[in-house]
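Note that chain A is present in both complexes that follow, paired respectively with chain B and with chain C.
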Partner chain A sequence: MSQEVYIAGVGAISAIGNNVAQCLSSFEKELDGIDEITYLDTIHRFKLPVAEVKLSNKELAELTGVSAETSRTTLLSLAAAGEALSDSAISGISSYRTGFVSGNTVGSMDKSEDFFIDFIADNRKGKLRNVFDHECGSVTETVANLLGIKDYMTTISTACSSAANAIVHAAHLIKSDLLDIVIAGGTDALTKFTLNGFNTLMILDKNFCMPFDDNRQGLNLGEGAGYLVLISSKVAKNLNKAVYCKLSGYNNSNDAYHQTASSPEGTGPYLAMKKALEKSGLHPKDIDYINLHGTGTPNNDIAEGIAVKRLFDPVYPPMSSTKSFTGHSLGASGAIEAVFSVLAIRHGIIYPNLRFETRIQELPFEPEKRFLTGRAVHHVMSNSFGFGGNCTSLIFSEI
Partner chain B sequence: MKIYIRSAACISPQKTFGEDSFLSLPVEYNETRLRAIEPDYTAFIDPKLLRRMSHIIKMGVAAAKDCLNKGKINMPGAIVTGTALGCLEDTVSFLSRMIELKEELLPPTAFIQSTHNTVGAQIALMLKCHEYNNTFVHKGISFESALLDAIMLLKMNEANNILVGGSDEMTDTSFTILTRLGLYRRWPVSNLSLFSTTSKGTIGGEGSVFFLLNDKTSAGNLAELKGVQTFYKPNNNAEIEHKIITFLALHEFQIDDIDLVITGKNGDLKNDLVYSELNLSILKNSALANYKHLCGEY
Partner chain C sequence: MDRLSKLGWLASEILLKDSFRKEIYRPEDIGLVLSNANSSLDTDQKYMASIHDIPSPALFVYTLPNIVTGEICIRNNFKGENAFFLFNSFNAYFIENYVADLLENGIMEACICGWVELLGNEFIAALFLIEKLKGNKAVSLSKEYMEKIFKSKNIDL
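Here is the complex of A and B:
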């Protein structure tokens, strides 16, 4: 039951890179991936900036070797999960019990949107193949099939914490000795549904987002996918390369305040961070870097900030929101940022919080502004909070 | 550790909820869409909140509250839910308006309530429950995934008194699309004679079920939950049989120890083939029962 969970592989695709190496290079250069809308066909083009993955569906299909008719959500998932699996370099994977746990928020909504245009005009119309994979679970199943994983698979959807909860569920499966290897993370493509949804909530910044800045105006939506390969100690012993780190703590708590807004005291974020620390046996002073949820909305950042203050005051570790680079990729964000957290430990780096100018009045701390190297990063906390009050914090620790 | 089902509540197209004596008289439907029998939701939900809730949220919250009431637990230690298609009514509503209004002047409410975790979130919100809260959305095994998650939480002492459930709603739109996809029979059929005609397609349904799981022996417990296992794309029936035998052996049972096997037959030729074959092999001496003619497939 006290089984450790190690990270053996990482994969990510986001607005700042089509793989882990490209993402790291963008961080070093402090280059964000936010721009005018290029691929999404919407009236919001040239009005709302977004953080799109810089590949068309056709290019993603070529990269992953599947049909360009495939949902973008699936294409992104396949790119990152495939990278994570090959990065782990586990030999004889078929001799282990292997699972795939993936989060997403709207399944193949990009395809359903096409279907509904014809369907609304006439209920007998609309290409059925565009709605066949609407379900969130279909995305996971397609990718698991292509990766050749069949021992276990499932899908989690808890809004913006989906991927973080996929990692928690994966850890439970390994700790319970039900599986040896789990590829866990999440994926979400930018869709008109989510772009318009967030737009109706008036929480999209018309300029580039400014997380944790006193003058922040909202978030920029992004897209992408991220996956970790989680393994048991048994698999770790037989690995030909060093594992990255271990998942030392995690917690899922609920804010139970409002369907979309965070509580002023940051109850859910505070509980998630505090209990994740307790689980890892660490103290606030042990954390060397916090990858903030930091969406850039007035509401999230103050709630998260207050929660950080309650837990860490008076000594604050370096922290930043990498959403200033990648935008907010919803169901994928927890895993993309988990990948960044793991890499922070491996490479001894701290990511900058771009465009930060003014400290939030109510807070006694500010995020890190520069890309820092050569740091001793032993323990990293990664936060993901979502609609429905779903708050999850993960802690990664060096071995 | 032993895991017990302390209480259960079920809203379905049958009389399964509240004071109705459970399934005493099966309800007959002569169409391919079975609608949930609606309880008086005001007994469970504040009427002000009720007005804004979609069907799946009402069913889910009412079933969850009734389950907690029956188990005499005010605050669960975790809330884990499953749903294949999530909040379809709100999703389709927002999607349709977005297309019709060409992405302009959209109201936010449907979007806010469209996320798949809304049922679990609304239960937490109503109870002010800050504990573990998760939602599984993996097609036909969404509930089974939630159940496995709950079992792991209990066994690892992460939580106790876990509320675990599954919900799905059928809307006019999903019924139309799923019919076009060939999931349902092409002509009306009595649900009570679903298995007497062999044909392509089944009947659709909807509902919400919640269970309260804990590790304490109690006179009121409904049953002990031994385990759950899913498997995917077995190569052949021999593999299925092997998996069933292994699963039973894990819990120190043999097939003959099982008094009743409830199968997933739904009247669809292709879906039911495997059950017909297993009934002649591994399950040939078992008492068998079906349930999907009562609640529909969802």
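Here is the complex of A and C:
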């Protein structure tokens, strides 16, 4: 398990852009992607703001070259994974052992919801083609097949840390010399199921979310997909372009506290960050930027904040929650934010935490408020903490 | 805690109170494999009823059967593999195979397994403690013995 894992390509689609370049441009302009509900058909329209990808299914289908009947989760996945693969500029992936590891939490629930409207009224009605793709693994399989990846594919569904865990699993596959290239990340589309579920948990903000602010009220749901192309050093040697950086550390630790809440001491987040640092051989002072999980819920941000304090006090690196731009895209968020973390190293940038006003009373630090350029960003930590106490931290390091 | 979790929690307390020395194991080596027929339906129905007024977050978080495994893990600081399976009736054949495989392959050293079923006024919990180390009164893991114990308690299968 001594192999290095390099990042050769990145792809992302989110509420702030349909590709990596558009996302970066939105950060520069400090423009978030949160708005009234436009595409999702729900009774919560005009009541709850969300961060939708600004394309209809038809437009996504045109972008990716598949049928508009395809589930939105699959369409988003295909857009971002395709971008990551072409960005990596690896010629002839078929000559390598290549895998696809993708996280998601909703599968093709969006299509199942279409099915149910007819089915509930009359159980002889409803189009079965809308449910055959329902389960999470089906999304991964469809995209892997379209990308021509045959050697290995798997799906990871651990709530909001799904995509980060997909990246961890991919790293293990490369380090164990089972695969040479893994496209790893995650995807999730907005659905009634997730919006209603989070609304039931009473953790949605009726206004635009305010991560790490003392007056935060909750999260805004988002959607999107993000993927990294992870490669072994053997593949890196044959690459025609420079790799972005390497994945130097990672850890998954569990809070073992509550189904949907973090422990008040931030045990899981603390352990994930600490052990990821240990794995990378780095110290807290080496981290130049933390991409926080920062959902904007009262519970997450205090638990994560206390964990950051326990680990980093008294010297804090710049940190921010990019969910203030993209909303919380659940099973995709860990990968979308991993892409942003990789780009922070490449471009020497720090992302702002929008709408921050008041420091959390219990915490001695506050997030970065402005888009910063020209920074020396050597090591970035990216946090993703999921329901069930499933906490993951990734560390990316320049080479 | 919902009623299914309380049932599993109580049954595990009874199972473990005298005979289990958890301190000889690492938390990662103790796992759970539970099963039932009606999943979390008891709580699902209560949650559905609550939607007419205000959907209850406290009920919502229990609308999964495997929450009971999590509650038992948190109570005892077990951190090994855990799973919850649905069967029409107690499936000793499956439990034996599944648990034996986990133990033989070094995935875990001890396992709490069995049946935790609750719907309305009907409830049954039958848990077994399976360890690699042979305890004083221990017998070999077999589906026949599990079935026998299940039936000897006059449990209606």
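By definition in this document, the second predicted complex is superposed on the first by the 399 of 399 C-alpha atoms of A that agree within 3 Å, B and C clash if a C-alpha of one lies under 4 Å from a C-alpha of the other, contacts with A are read in each partner's own complex, and residues count from 1 in each chain.
What we mean here is this: contacts are C-beta pairs under 8 Å (C-beta built on N, C-alpha and C of every residue); 3 or more make two chains touch, one makes a residue touch a chain.
Just so we're clear, the structure is a prediction, and the values are computed from it rather than from any experiment.
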Here chain A is shared; do chain B and chain C fit on it together or clash? clash
Chain B versus chain C as contact partner of A:175, first or second or both or neither: first
Who contacts more of chain A, chain B or chain C? B
Is A:201 contacted by the first partner chain B, the second partner chain C, both or neither? both
Could you tell me if A:116 is touching chain B, chain C, both of them or neither one (first, second, both, neither)? first
Using the touch definition from the top, say if A:259 reaches chain B (first), chain C (second), both or neither. both
With both complexes overlaid on chain A, does A:288 touch chain B (first), chain C (second), both or neither? neither
Once chain A of both complexes is superposed, is A:138 in touch with chain B (first), chain C (second), both, or neither? first
Now for A:388: first (chain B), second (chain C), both, or neither, which partner does it touch? both
Share the list of chain A residues that count as touching for chain B in one structure and for chain C in the other. 196-197, 199-201, 254, 256-260, 388
If we count contacts the way the header does, which residues on chain C are in touch with chain A in the complex? 55-57, 60-62, 64, 67, 70, 73-74, 77, 79
Which stretch or stretches of chain A touch chain B in the complex? 1, 42-44, 105, 107, 109, 112-113, 116-117, 119-120, 123-124, 128, 131-132, 134-138, 140-141, 150-159, 165, 168-169, 172-173, 175-176, 178, 192-193, 196-197, 199-201, 252-260, 267-268, 271, 386-390
Applying the document's contact rule, which stretches of chain B touch chain A when the two form their complex? 79, 84-86, 91, 94-96, 98-100, 102-104, 106-108, 111-118, 120-122, 124-125, 127-139, 141-142, 145, 149, 152-153, 155-156, 176-177, 180-181, 230, 232-233
Sites on chain A touched by chain C in the complex: 196-197, 199-202, 254, 256-260, 388
